[in-house]
Structure formats: structure tokens, C-alpha cells
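Labels A, B and C are assigned to the chains in the order they are written; within every chain, residues are numbered from 1.
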């Protein structure tokens, strides 16, 4: 099995060029100059937070915790959907209570790994972040999104109130907007997401990379704390 | 005495048309298709939250708690004043400490009934919401107002600092704006109310009904949770 | 020694004209018609919160606590820098751990004096408020700034994460913006400061005095609570 962690640890302090460290089907991971960028590439499932994707993200976040070269983590996605949330195929009645518990326990571990991460975690969003995908954005320390992005917690549509997404959303954002999202399932725009505190910055799609770069470079340029 | 509750309970699951359920002088209550709309109609007192009005609102919110047809409550008002707050005639020194306590106990009960209400409560505001009237808006889960609306906590003008309104305001909104309101008594505009988290949506007056309808329809269309 | 406090106490209820009460080198203090205005005038140090400046502010805030004439305090500054934060000359390794502790203990006392102050404290800002200077603004009950103002927590630049500024910032503002400030050290504009809840009002530079006057007059005109 391809061990991303070992390769990363082997990069050393002065690695100056991006190296592709993972070509697993679910994510693409690059680590260069202090920045670890985790890109969800499971477009066919709309980057759903399946058990496989959550374990993959968790492993990639938790790796390198002791690597002094690691200064910031970016979580981003390929395609027009940042993440559609849990994979509902894993939450059918047939899947059984045991699997439901497994899904939500792993989701909790994933979210807590961001809280406990010793370096800043930045969400880079260009598209729809829904349900647990929206939770993932809210859980990050910093979120930068394009004007095209949308955010929603439509769990209620399926009889599954977005209770766990509600937690970081309510901690981070203005309740008047967050409750509207949670109770109606209706999406908010990028500018509403900024106004209500769900994201840190909004920019034009063509500026997303540079805006994120400005942020991560500022973090990295600081004296090592 | 006209018993709104009994009539409402008699409507049954498939009631499809609005029926006027109450023509009491203080509120007008309609219940149709899952939506209970409570309209304050006491324009001559500027929809003040008198003991009578608070008891009326409390009764109308608490009714139907076990009615599965109830999916959302709207609190709104007739006329240019959503609500001017407590009826100061009931808070004169002559009224006595006993009555003051009664007023604030009933206000607490009213606000708590919104917190404990098992369905979302939406404030639909077109005009001034002042003091306890502003508190009522802040206490609702969702608030949708017109661009003409204003919000203030002018208790300080009368030597009665808006301490109880301050609680849901401070829980819901950005403190820099909320403290400015509480300490100066100066009103804020609808757009400031949106920016500071006091309301969920602002719209043109001609769109208020449709904006509220979009919200309540979204709530109702969801799978029963 | 020039005792500002005694002079102030002697002003009486009906003092109608501003009187300059202090011409100390670090601040200029005026007390008139219920308003005590403390202006930092140490432009050569960029109004740094040196031990001297912090003690001066603390003394000037704490004075008059029992003076019924005191209704509101304004903290403002001369020059293009509201305050650059701690005086880093006092935080060098050579200064020693003892002095570092003294600096942060005095800073805590200063911030707590604003929390405990029985009258509203208003920050009037026209320029840069950085690090502990930004903390001072966030700690005030109300903050009014010009469009030119900027706010930053650049401690990370110097290997000193702005941990104490982070406390009132995180209590007051939207976390998505505040964390971006704290982790990157990058400044935010006045309008971002308003949107994220760091300040109460933003105005054109030529309107700053009148905007602050509107606020303080509203506070003072209220019935004595």
C-alpha cells in the first residue's frame, strides 16, 4: 500500500517544489513548503463523506502531526461540488443502526481532528458545500470561497435534521441565518455565508488560488511560534 | 368565551384553506396547511405587549402543541408598529411592585414559550420593533423583515434599561451593535439588523409575504422529522 | 503631581464647557458634561501600550468611579496610529521574564478596568489599531471608527501570537474573520471590522466627531438609571 506519511516525512525542511504524494482515488494530497493540500477527487459521488472518504481525510489530517515542516493544511475539492455531505447510501434503514453509528462516530473523529490539529486548517471552497460538507467547512479555522459557492444543510429534506452540522455552524455563525438554513434546508450564497460568519473571505473564482496563497503564505512567513 | 384552540383542533389533517380562527381584539389567528399565523392587531396601543397581549400570544403559541398538523408559527402585526414593547401604563410607580413583577413574569413565560415551542417560530416584521417588541423578534428562531423596519431598545429613555430584551439580543447578535442599541437607545435599520444577526432576511415590503411563504413552505415541505 | 481626579470631582453637575484636565505627555484628558475623553498622544511610540501608557489609561479610567457626573468614557488617539500595541522594547529577552509578566498583568488590569467600569466606554478610532491596541478597541463596549481605520493582530510576525488580544476579539467578533486575523497577522479594513462585529459604526473621517457625539449624547440624555 502506498504510504503517504512516510514519503511526506522524507521531504525534509527545504523541499521547495510540490510533489504529488497520493493518487488514491478519493483524495489527492500534495505537501510542499509547509502546506499540505488535501483535494477531494471523488466527483462521481459528489465528494460525499463516505466512510472511505472520512477515513482518508482523517488519516491525511492526522499524519505529520510531529513534522515540524507542516505549517498549514488546506482541504479542497475537485469539481463543482465541494462535498454533498454523508453518503446517504450508507445511512439507509437496511444499512442498520450499527453502520449509522459507525458513520457518525467517524464524522465526529474527523471534525475533532481539525479542532485538535496543531496547525491551521483552511477550507478552500468553489461550489456547493452541503450537510456534513458544510459542517466540514464550518469546522475549519479559516474558510475561503468563491462567489459561486453555496452552503446548505438540507438534511431535513430526507428526514435527517442536520443536527451534527448544526453544531459548528451555530458556534461559528449568526444564529438568525444558521437557524434559517437548518430549519428550511434552503441554501445561502457566498456573500450570505460571509455576512453570517460561515466563511472568512469571498473572492472571484479566478482569484481563489491566489487568495488562499496569500493566507497560507502569511501563516508560513510568521516566525515559528 | 371564544375558544380558538378547540376550533383549531377540529380542523383535521387535510385542512387546505385558511380559516379565521380568532377575531379577538388583540390578535387575529389563522391556521392553515400547517402554518399558524398570529397577527397582533392592537394598533391603538402600538401593539404594546400589555398583560392582555402577552397572555393572548402565550395562549396562542402554546395551543396545538400536540397537534401534528402544526408545523410552523408566524408572529406578525398589523400597522406600522410591529410592537412598541411593554405597555408603560402597566409599569408606573402607581401600578405597584406586584404588577411590575406580574408583567415581567408573564414576559418571561412568553419568551420561554417560543424557546420551548416544538415547531419553528418566525417573526414577520414590517415596521418598528421596540424594547420588548424587539426582544420578541430576537427570541424567534427566524426573523424576516422589510427594508422599512427598525429595531430599538429605548428603555433607557424612560429610566428602564432594556435588560430583559438585552438577553436574546446579546445571545443572537454581534455585541458591538447590540451594546450600541442598548446603551444609546438609538434605532438600527433593517440592514444593520441583518448585518448584526438580529434578523435572518430583509426584503422589499411588497415581497414580505412571498419571502415568508418561501421560508414556511420550505419548512413544511420537509419530511416529517 | 497633577491630580486629574481631584479636578474632575470638583467640576460639579452642571459643568458645560470642556476643560483640559491633563497635559501629561502620554494622554490628554478632558471631562465635560458627563463625558471623559482620554486621548493617547504618544505619537512618537505610535501610542504603544507601554507600561507607562497602560498605567496612565488605567488610572484615568478608574478615577471618578464614584462621581455621579461621569456618564461615559471615550478612549481615542492623536495621529494616524490609534495604538500599535505593546511596546516591544519592554518585551525583549533582555527585559526578562519578570518584566514580561508585569506587562501582561498590567494589560489584564487595564482590560478588566473597562469591563468593570460602571459607565459605557467608547473607542473612537481613526487609523491603525494593532495587537494589544486592537484588543483595547475590542474590549470597549462601543467602537466607532473611520473608513480609513485598520485592525490587525500581527503578533505572529514577531513570534508572539496575539493570545491576549484573541480573547476579546473571539468574544466579540465572528470567528471566521477573527481566526484569519490571528493566524495570518493580516489587517482587516474598517468595513470588514464592522461586518465581523469588531466595531459598532464606521463613518467618514470628517464625521467621526459628530458620530461619536451622537452616541455619547444619546447615552447622556437618558434618564439616570
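Note that in this section a residue touches a chain if its C-beta (ideal position, glycine included) is under 8 Å from a C-beta of that chain, and two chains touch if they have at least 3 such contacts.
Chains and their UniProt names: A, B, C = Enoyl-CoA hydratase domain-containing protein 3, mitochondrial.
No experiment lies behind these values; they were computed from the predicted model shown.
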Co-neighbours of chain C and chain B - touch as defined: A
Type of chain A:chain C copy interface by residue overlap (half), same or different: different
Rounded Å distance, chain A centre to chain C centre (Cα mean): 38
Where chain B touches two or more other chains at once, by residue number: 174, 195-196
Chain B residues touching chain A - in the complex, by the definition given at the top: 120, 141-143, 171-174, 194-201, 214-215, 218-219, 222-225
For the chain C and chain A complex, residues of the former touching the latter: 156-159, 161, 174-177, 179-180, 183-186, 195-196
